[in-house]
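Following are the structures in question.
Presented sequentially are two complexes of chain A, the first with chain B as partner and the second with chain C.
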Partner chain A sequence: MPTTPDTSPPAELLRVERLAVTLRGPRGPVPILTDVTLSASAGEIVGIAGESGSGKSMTARALLGLLPRGAEVSGTMLFQGRDLSTLDRRGRQRVRGAGIAMVFQDPTAALHPMLSIGRQLTEHMRAHLGVSRREAAKRAVELLDQVRIPNAAKVLRAYPHQFSGGQLQRIAIASALAARPRLLIADEPTTALDVTVQAGILALLESLRAEMGLGVLFVTHDLGVLAALASRTYVYYAGRIVETGPTAGLLRAPRHPYTRALLEARAEDGAVMRPIAGRPVNAAEAPPGCPFAPRCPDREDRCEKSAPVLAYDDGERDGRRGSACLVHGTGGAR
Partner chain B sequence: MSGALLEVAEVAVEYRDRGRGRVRAVDGVSLSVAPGQIVGLVGESGCGKSSLARVAAGLAAPAAGQVRFGGRPLTPLGWRRRPRAEVGLQMVFQNPYSSLNPRRTILSQLLDGVPPDLPPAGRREHALHQLERVGLPESAAGRYPGQFSGGQLQRIAIARALAANPKMIIADEPVTALDVSSQAQVVGVLSQLVRELGVGMLFISHDLALVHRLADETAVMYLGAIVESAPTRRLWREPRHPYTRALIEAIPRAEPGAGLPKVLPGEVTRPESGCRFRARCPHAFDRCAEEPPLTAGPGGRVACWLDARVPTPERKGA
Partner chain C sequence: MLLRSVLHRSVLHRSAVLRSALLRYVLRRLAIAAGLLLGSTLVGFALVQAVPGDPVAANLSDQALGDPAAVAAFRAKWGLDRPLPMQYLAYLGNLLQGDLGTSQQTGRPVLADLLDHVPATIELVLPAIVLSVVLGTAIGMYAALRQGRAGDQAVRVGALLGLSTPQFWLSVLALYLFFYVLGVSPNGGRLSPQFSPPPRVTGMYSLDALLAGQLDVAWDAVQHIALPVLVLSVVTTATLVRFVRSAILEVLRKDYIAAAYAKGLPARTVLLRHLLRAGLVQIITMTSLAFASMLAGTVLVESVFSWPGVGEYAYASASALDRPAILGVCLFVAAVYIVVNLAVDLLYGVADPRIRLT
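For the complex of A and B:
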């Protein structure tokens, strides 16, 4: 069936409030995420930017119930109004696939090397949608068309090793879309790809958003990718959100010194690559006070004493600028 | 070219592939690097840049052509049996987690690189001095790789290469595995070393934006051949080859309202004849059925019939 375009106003798909995750460590609980609040709607691409250890991938794992054993989760994760953290295993399985689907950095991780592409696409559908073999095969062809893979009939008989990285990522996206999810979590889906191939995947995600009203949570270390793709962005550091807002505004006038530093560290046309002093820390290593303070050029004495909270403009959260910085925090520009 | 430290001349690299017979990964590539110069080699996966790096470093023998280091042909004998003179050619790899041994201290791995003719008394000091050069404290020497971040490890790998007092460094995707903020640190260390020590560097990367920041000269590779090479600024400002232009246009820019990067249609497959880029080229025309030669002009070299300097193909009789 061709997808019918959704004409109703964008519905909120995901609402995460004060999410905190700790893992069990040999010397007591290890914090991974602290006070994460975010949302995503249908037909919207939302960016999560951060370096390794920032907790950006852990957010994705928490949403899908894929956290390591012994993880303690607090806060709420509502998907279409249902609380994900209270679901049992079967309930979560139903949400995965038909509600929230995921694509990873390495498409080969999502595809079995010994099974044909056709079998992998159809099995997924039969499990989640309960359709007949024939219907599934028909839909598999549609899916490949949707991700712009030509010669669908031939591709269904082929195996993963016969494709390039970019084609495999498209097939992995097709597989993620098989059960008609509303929200796609894409965790660094283009990081391992060449820029020209990346451009194709970004265009594909944008067209899926526009045509199917798919909501996308796009996790990346590259603010450049989000500039092109995401309407709103959350910047992570040390397991928390340090800045958020509409992507264009955030890039034009970054408020948090970390966002600014990330932008200046990029190899961008006409600018000097300015390294950030020190190295990124994760939530467990974060010092008391502001986690970025030890590396921050604008640090004041108070930054090492009290931890800033994410403060939003006008007291409103959704779509507003917000920054967790005592020096550049609320209102105004830099 | 005289004065060149590393000269790669008409190098070809071939692999045997069960299905397809011989595959030419590198097809007649020439480039040279002078002391104190950074040459960037850019291309996407499968373009042959890493195969070329291995040959340029003497880790593999070319199927055709020659590599000269300091005026003498390189002997691909295996790393340990290299003649003394070739120890001056060092390589830095993409993944510092695998190029350093996790069970040995940093100091003992740095000592591996120290030239054997240095007196025992000075060896330790020489090794420690390299850490300082890459901006790490001496206290790092007694620790193990697991205690460092990726960016720090890559700087340690660079320090180990420096311990051999190299004249030339070949860096194959040295920052690809690193976070944005560590990338800038490593790039800073590399460029500073070239300026201070006057070593030559071949910097290989898939990231044109990065090469733009670092290299004096940039060569763009596509399907085993250089399609354009020029002083970096010129190449970036006015790319002459359509593939170079496509690469630049595909780079996402962190600017508000940048819009989606331009998509280059098609897949990387070599047409049976003619220009290797013609199946994907928006400007392809009749003449592209014949392969354009890489032609040198005042602003660099380019292999495209659209460029005025590329001579009209001779009617083939020979």
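For the complex of A and C:
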């Protein structure tokens, strides 16, 4: 194993500070992400939860530098100590795949239907690692073994339509790992799969974390999935983070009314499902003040006037609870 | 294990079994093709009969028309005095022996006429289709990648112009500009008068001249080809640009393209390997359709450029109601369509692993 110089003691991979993204709309810039601050370390699975349109996937795209044309990005995105936004095109291209890799929601759509599995597993390996065709094929077989796909040698010659969704997601994960990335962004990787298959994929991600020290950003709309998986969780609403903290505590005692509402909207163990009133807003539609205020059961007058910021317990950030709520704010504010 | 059995079957398919299955497929398609050709002779024969006009009047001089004996002799010579079903059966009988009949105009066997005219047309259509596919794909991809921007707008306007320009007008305009005004192009025909056709191998002058080592003749032939090829390519290129643009736009939205970028592949690899490959099946389909319309276009372009190809032959035969010649052209066109369709279906199987020919 070649030793890479560790910049910070807990091998922090990713540190995003005050990230804001706006897209170009027909009537001027449209905010997509506002003041997003998050971090992830090697060997850590970090959950990102929120409804569709909350900016989860845009965070992933911003990290990969794959935002639509005309997107404006501000704030810093430090990956292994380097600011991604200062890299040139070649530099970003090198980080994609070899530094940060991505697994998509629907594996049947994320693999090219007309290219062989072998080609899709090795093409970026060869571009990033500079290995020969033979070495790449050998490594591809190892990767398939690692994601527990049998008959690896034959699989390389096959095409995506010959596999089931669960198998394809394993292959997609193998492909994401091919160029030895340090951080894996998994964008709802189990949403399109059968429940029984989901558990296998989650277990696979957990084992990759443990064995390879892979950092994982696990994006999901399902807080429950994160319970057993993510050490820390960020809850998104309307393009900003409304609550964060160690997953166990966050799920046990959610502070932000939105997090609470999300948990209550999951009917489990015969509990009555309580859907959240109103409909989710995206960052562009967010009202002044707290974006959740119109749907919030605990709303007060001040919520519609001033926007809460994410405040952390004890003024510390890492590993602490934090929530962006004027009513149920941080420690003792309730 | 399901996976194993699926793989087993697929691997088998891609080797030995594939070849014999492919052969069976091609043979079956050829058998169907024979039926199609038979059908096209029937339709062609019926249509020729349905056209108002009398081949006797079209072929005999006024003086001969006044002479009942001459008219009767003409009708007897071409079998026009027999009932239609008998005429058709006789035609089929001759056809099976490779006899397409004799042209009333040229007095030569239709087959010999076709063998003279077909290579001339191929010499135009082949370069034109290659040029159209290359240009159409490149420009269409460029426009799709610049969707909504100035480059895209320019391409879309250009494609619309190209599509709506009548070919005969474009032919005349091109001749006027490049021959009359600029003087850089010859004035129609296949060769300049000082050259004689090269010894026949393929019937295509440019190729035959190269084979015979007559570089000056080959260059002269290419100069004669250039302008009609250009004119033929305009409409086809414009059609392909529009189709390729929309096909590529559709592919651009796919997750697997985002995934290819997310893997850190160079943009060139994503474009050529992932994007183009995904659009390939559609591009093949469009090309075959464009090929058909180009064949129709040769009729006008060949008459303007005095190009002795099938289009010109078809035009001349139709004007003279030369029934054997018209039927011969029909058969040729039908055969071209059948071959193109078969080639396209075979290419689908190569381009898309999900398509299996059975």
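The rule we apply is simple: the second predicted complex is superposed on the first by the 320 of 334 C-alpha atoms of A that agree within 3 Å, B and C clash if a C-alpha of one lies under 4 Å from a C-alpha of the other, contacts with A are read in each partner's own complex, and residues count from 1 in each chain.
Keep this in mind: a contact is a pair of C-beta atoms (placed from the backbone, for glycine too) under 8 Å apart; a residue touches a chain by one contact, two chains touch by 3 or more.
Quantities reported herein were computed from a predicted structural model and do not represent experimental measurements.
Superposition of the two structures on chain A leaves chain B and chain C fitting side by side, clash-free. In the superposition on chain A, A:Ala227 makes contact with chain B only, while chain C stays out of contact range.
By the touch criterion defined above, A:Gly97 reaches chain C but does not reach chain B.
By the touch criterion stated above, A:Val327 is placed in contact with neither chain B nor chain C.
Touch criterion met: A:His112 reaches chain C, while chain B stays clear of it.
When the shared chain is aligned, chain B comes close enough to touch A:Pro275, but chain C does not.
Legend: residue contacts after superposition of the two complexes on their common chain; A:Gln167 is shown touching both chain B and chain C. If you stand at the C-alpha centre of chain A, chain B and chain C are 70 degrees apart, rounded to the nearest 10.
Touch criterion met: A:Lys154 reaches chain C, while chain B stays clear of it. In the superposition on chain A, contact is made by A:His124 with chain C only, not with chain B. Between chain B and chain C, the shortest distance over C-alpha atoms in the superposed arrangement works out to 6 Å. Counting contacts by the rule stated earlier, residues 167 of chain A appear in both its interface with chain B and its interface with chain C.
Partner chain C is touched in their complex by these residues of chain A: 64, 66, 93-98, 101-102, 104-106, 109-116, 123-124, 127-128, 150-151, 154-155, 157-159, 161-163, 167, 172, 175-176, 178-179. If you check the complex, the residues on chain C that touch chain A are 1, 3-4, 6-7, 10-11, 14, 254-256, 258-266, 269, 273-274, 277-278, 280, 351-354. Contact residues on chain B toward chain A in their complex (touch as defined above): 44-45, 149-152, 179-185, 187-188, 206-210, 212-213, 236, 246-247, 250-264, 267-268.
Within the complex, the chain A residues that touch chain B are 51-52, 164-167, 194-200, 202-203, 206, 221-229, 247-249, 251-252, 261-263, 265-269, 272-276, 279-280.
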